[in-house]
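For reference, chains read A, B, C and D in written order, and residue numbers begin at 1 within each chain.
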Amino acid sequence: MLRGTKSGLEFVFAADAGDAVLSDLTARLSERPDFYRGSRATAIFQGAPLESDAFAGFLDTVRAHGIDLHGVYGAAELGPFAERHALAYLGEPPRPVVTSLGQRRPRKVVAALTERARSLEADFAGAREDIARRRARGETSVAKPDFAKAAAIRAGAASAGPTVAPPVLTVTPGTPATLYHRGTLRGGQILQQIGNIVVVGDVNPGAELVASGDILVFGALRGTAHAGAQGDTAARVAALELAPTQLRIATCIAADDVKHKAREPEVAFIRDERIAIAPYAKAGLR
Amino acid sequence: MEAIETEITAPVPEAPVGDQPVAPLGRAIVITSGKGGVGKTTTTANVGAALAALGKRVVLVDADVGLRNLDIVLGLEARVKYHVLDVIENKAELDDALVRDKNVDSLYLLAAAQTREKEDVSTEAMIGLIEQLRARFEFVLIDCPAGIETGFRNAIAGAGHAIVVCTPEVSAVRDADRVVGLLPHDWKPELVVNRLRPALVRKGKMLSVEDVDAILRLPLLGVIPDEPGIIIATNKGRPIALDEHSPVGAAYRQIASRLAGNDVPPPTVKVAEPGFFSKFGSLFGGR
Amino acid sequence: MAGRRIVITSGKGGVGKTTTTANLGAALAKRGYKVVLVDTDIGLRNLDLVLGVEKRIVFDLVEVVEGRCQVRQALIRDKRFTSLHLLPAAQTRDKTAVSEAQMDALIGELAEEADFVLIDCPAGIEHGFRNAVAGAREGIVVTTPEVSAIRDADRVVGKLKERGLPHTLIVNRIRPEMVASGEMMTVDDVRDVLRTEILGIIPDDEEVIDTTNRGEPLVLDPNQRLAPIYLKIARRLEGEKIPLTRLESQTFLTKLFSIWKAG
Amino acid sequence: MLDFFKSLFKPQGSGATAKERLRLVLLSDHLSLAPETIDALKADLFDVFSRYFEYDASQAEVTFDHREREVAMLASVPILRVRERTLPPVALAPEPPAPVAVAPVAVAPVAVAPEPPAIAEPEPELEPVEAEAVEAGPAPVAALEPEKLPIAPAAPRPRKRRRKRNAAASNGKAGVQPGLSAGHSAQA
């Protein structure tokens, strides 16, 4: 299975994985030939390493795609296997951080994303890689809100009489406050906030909400929402009608392809590196 | 030279002289939409003609510099001598640039410049011009250009109220929504749904008025059915609002009387069946 | 050899520019060409909607120009036509975010690896129009047989001539029954008035509204009446000489028949 | 034969009127005369009219008409009252009567660019228009060879005439009392 994480791409080989997995992974890569060019990757063997020369062939295609496979995680005896393939042996596989949801696990907790959504995941791996690399260089993935410009617009707007509403509505930086906005957010408007955002009203397609904390929409979220924009994977997005054009939490991206016309409020959060959507009432996430 | 016809007609109205009680300032309304080709110019011409037919003194301002069309829809293209920029650049008096409609007496047109750029008009000049017109007319309807660039900003700068024209079609609704987001917050824009085809709505092939309202959430001013008669009227250069037995004309007259303040029952929508909305789930939520 | 850089423009909005760009692009892709569609209508993004890929946009044209991502990361590949790509416009920016020079360079870069780069031009003749035309080397003017659309198309033809760009004309939304009854101008009328060569004639069809709502270019569906017409226009664009199907002649005969029947 | 036969059947619907109006509008757009010059020409014509009689400016029309081989300019001007004594002719001499004499001017970015105007294409129907159009025009304007024709007049015409027009205009145009309908004649 191919997975994109904060530290880059990861090829995960389950214990019982046979050679078929290799050809599947090669096919996945060739589908988007140069999308992952220049990204770093590691291989994780949950079981015994694949001794066959098919693995060597796999390594060649990985390098052909310009992916720098620099290390292998796995059980102890992986050392010689790693040297044979000129890879660094990195020891035990990293334990995925799973925040426990408590006993009352809701039965149909996760509206599982469809196959098409999962393929989107792979599609966005390159994008995630790029964001991760830029964060490593200290840049935020989202352009820092330009407070000076917003203030100027607001100042300018005040003096020039009936003029156009400022496209960017922002709040003074510093205290991670919550930006409260009443009224429908129209296409093309963007709310950026260090902290949380609460919107009472709809967020129409084409509008964007970007917050470093949580996002709550007391209405229909049809536009794009990006919570935990500075890497906070605990951030959540909730709405009475969650039908976003696109949903991002920290570095995870998902498009709501599931045709679930839920009649109830829902919340989206991160569970093992992926965005999960659950009915708000049952999610037990208070 | 062609023989000069002799014909006695009433001259152009004069600005009210100082001592007359200064009439209350007219209402400046901008007709906008974001997306082009949804019927802004046709709506401006027909609502203007209908208001004038009710005896109101109306001026139509074509703010679409470089893409002048209001004159052709009204059939006055031959009578335009001076345009907005001439007045703003003091090359002509406002009186000379005002062209009177050939069908309705109290309807006047101030045409756009055809060979100039939108950036040639400054926002302050536009506001000044609209103020001048509000002093002399009860209604100043401004035909706004498509898009959200300089032309759009100048068109809405002088106005105090907006009518958003939208066709029941996905990208038109989205662009209208974008424009409403750019209008000053204290305005209460009203919606006109244009070119509705009830048969298509029943077949679920076209958005219903409810679907459009679900996104835009604006008070509904009028619904205009899609009739070939409109193309014929534009070809002839005669507003269809003056045609008694045309359903489209009636719709425009209804909008005009609603603007003139007589309380007219809200627009009834013939389509009762479930809209396109329910069949395809949330409108933009995907298939 | 770098691909052809064609701007699809019209002056007046709502005449079918974006639908034509999407379907012409799909038709060319279906014929095996590598096609990149560029939406330059910054602030009023619609091409993604017509292609049904609005959910997959991560980066957009302005972010590419500002260097915040590489071109290949912003390009969205259509799932149905593997050789059709879209570079989406930005939604929360305005047209001044990009300059004519940047646009010319960007289109040049795209044309290196594509056979056709179709630029969907915004309505009007302001900054957006100048950006779209700056990147183009050829033009297709879309109009409808309606008075103000033709007048705006005439203005745009003048501007393309000013820049020395070769251009052809697509007459969209012709209603044969209204042409027959003399209530609508014929294609020849439009050509005489605009004095430009005709690339294609597209009759009015209510199905188009449905396909745009569902985000599926109609070239996809063979039993769509308009699908073969877009394919024929694509072949003409490639240089094939295909005679224009005269819509009126077909309606002229039906008119004759109706008179005989009524008489 | 088909065309003749077809024309029998196609009644003169609004499509034909639309084409006609469009052709005129585009013609005035296209004619190598910049619309400003056409407007200036129209304004001069109305100035000349106003020296001889009072007319209703809002109803006056100046259009171009395509005759078989040339373009005619038609003025239809409703007269209110003929002047007893005509106003002294405005001395035309000092004013540069035709913009032709003006030095080469930086061309304003007008639709018609320095390269040969659209009409120059070998369109048989329009070709002669170019050469004869101006002579056939009624206004006694100096002959304007097409190539030397600058796209836009260099300096806006001096405003001197404007005052005379206003003088003429002020007594000619009585203020419209609200409710005065067009039919009712307003004797100035």
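In the analysis below, contacts are C-beta pairs under 8 Å (C-beta built on N, C-alpha and C of every residue); 3 or more make two chains touch, one makes a residue touch a chain.
The structure displayed is predicted, hence computed values, not measured ones.
*Asks:* Mind listing the chains that sit against chain A and also against chain B?
*Replies:* The common neighbours are C.
*Asks:* Look at the interfaces A-C and B-D and say which one is made up of more C-beta pairs in contact.
*Replies:* Ranking A-C and B-D by C-beta contacts puts B-D first.
*Asks:* Once you find the CA centre of chain A and the CA centre of chain C, what distance in Å lies between them?
*Replies:* 35
*Asks:* Suppose each chain is reduced to the average of its Cα coordinates; what separation in Å results between chain B and chain C?
*Replies:* 27
*Asks:* CA centre of chain A versus CA centre of chain D: separation in Å?
*Replies:* Each chain reduced to its C-alpha mean, chain A and chain D end up 66 Å apart.
*Asks:* Which positions in chain A touch two or more other chains at once?
*Replies:* 167, 187-189, 205-207, 245, 255-257
*Asks:* Find every residue in chain C that makes contact with two or more other chains and list them.
*Replies:* 43, 54-55, 94, 147, 151, 155, 178, 183-185, in rising order.
*Asks:* By residue number and range, which residues of chain B touch two or more other chains?
*Replies:* Each of 72, 114, 117, 174-175, 178, 231-232, 234-235, 284, 286-287 in chain B touches at least two other chains.
*Asks:* Have a look at which chains touch which and call the overall pattern line, ring, star, complete or other.
*Replies:* If you draw each chain as a dot and join those that touch, the picture is no line, ring, star or complete graph.
*Asks:* Quick check on the complex: what are the chain B residues that touch chain A?
*Replies:* So the residues of chain B touching chain A come out as 123, 127, 153, 156-157, 159-160, 174-175, 177-178, 180-185, 187, 215, 217, 281-287.
*Asks:* Which of the residues in chain B come into contact with chain D in the complex?
*Replies:* 1-2, 4-14, 16-17, 55, 57, 72, 75, 77-79, 81-82, 86, 91-93, 95-96, 98-100, 102, 105, 114-115, 117, 231-237
*Asks:* Hey, which residues of chain C end up touching chain A in the complex?
*Replies:* These residues of chain C touch chain A: 43, 45, 54-59, 68-69, 72-73, 77, 91-92, 94.
*Asks:* Going by the contact rule at the top, pick out the chain B residues touching chain C in the complex.
*Replies:* It comes out as residues 34-38, 41, 66-69, 72-73, 114, 117-119, 145-151, 167, 169-172, 174-175, 178, 197, 200, 205-207, 228, 231-232, 234-235, 276, 280, 284, 286-287.
*Asks:* Quick one: in the complex, what on chain A touches chain C?
*Replies:* Going by the criterion above, the answer is residues 32, 34-35, 120, 123-124, 126-127, 130, 143, 167, 187-190, 205-208, 245-246, 253, 255-257.
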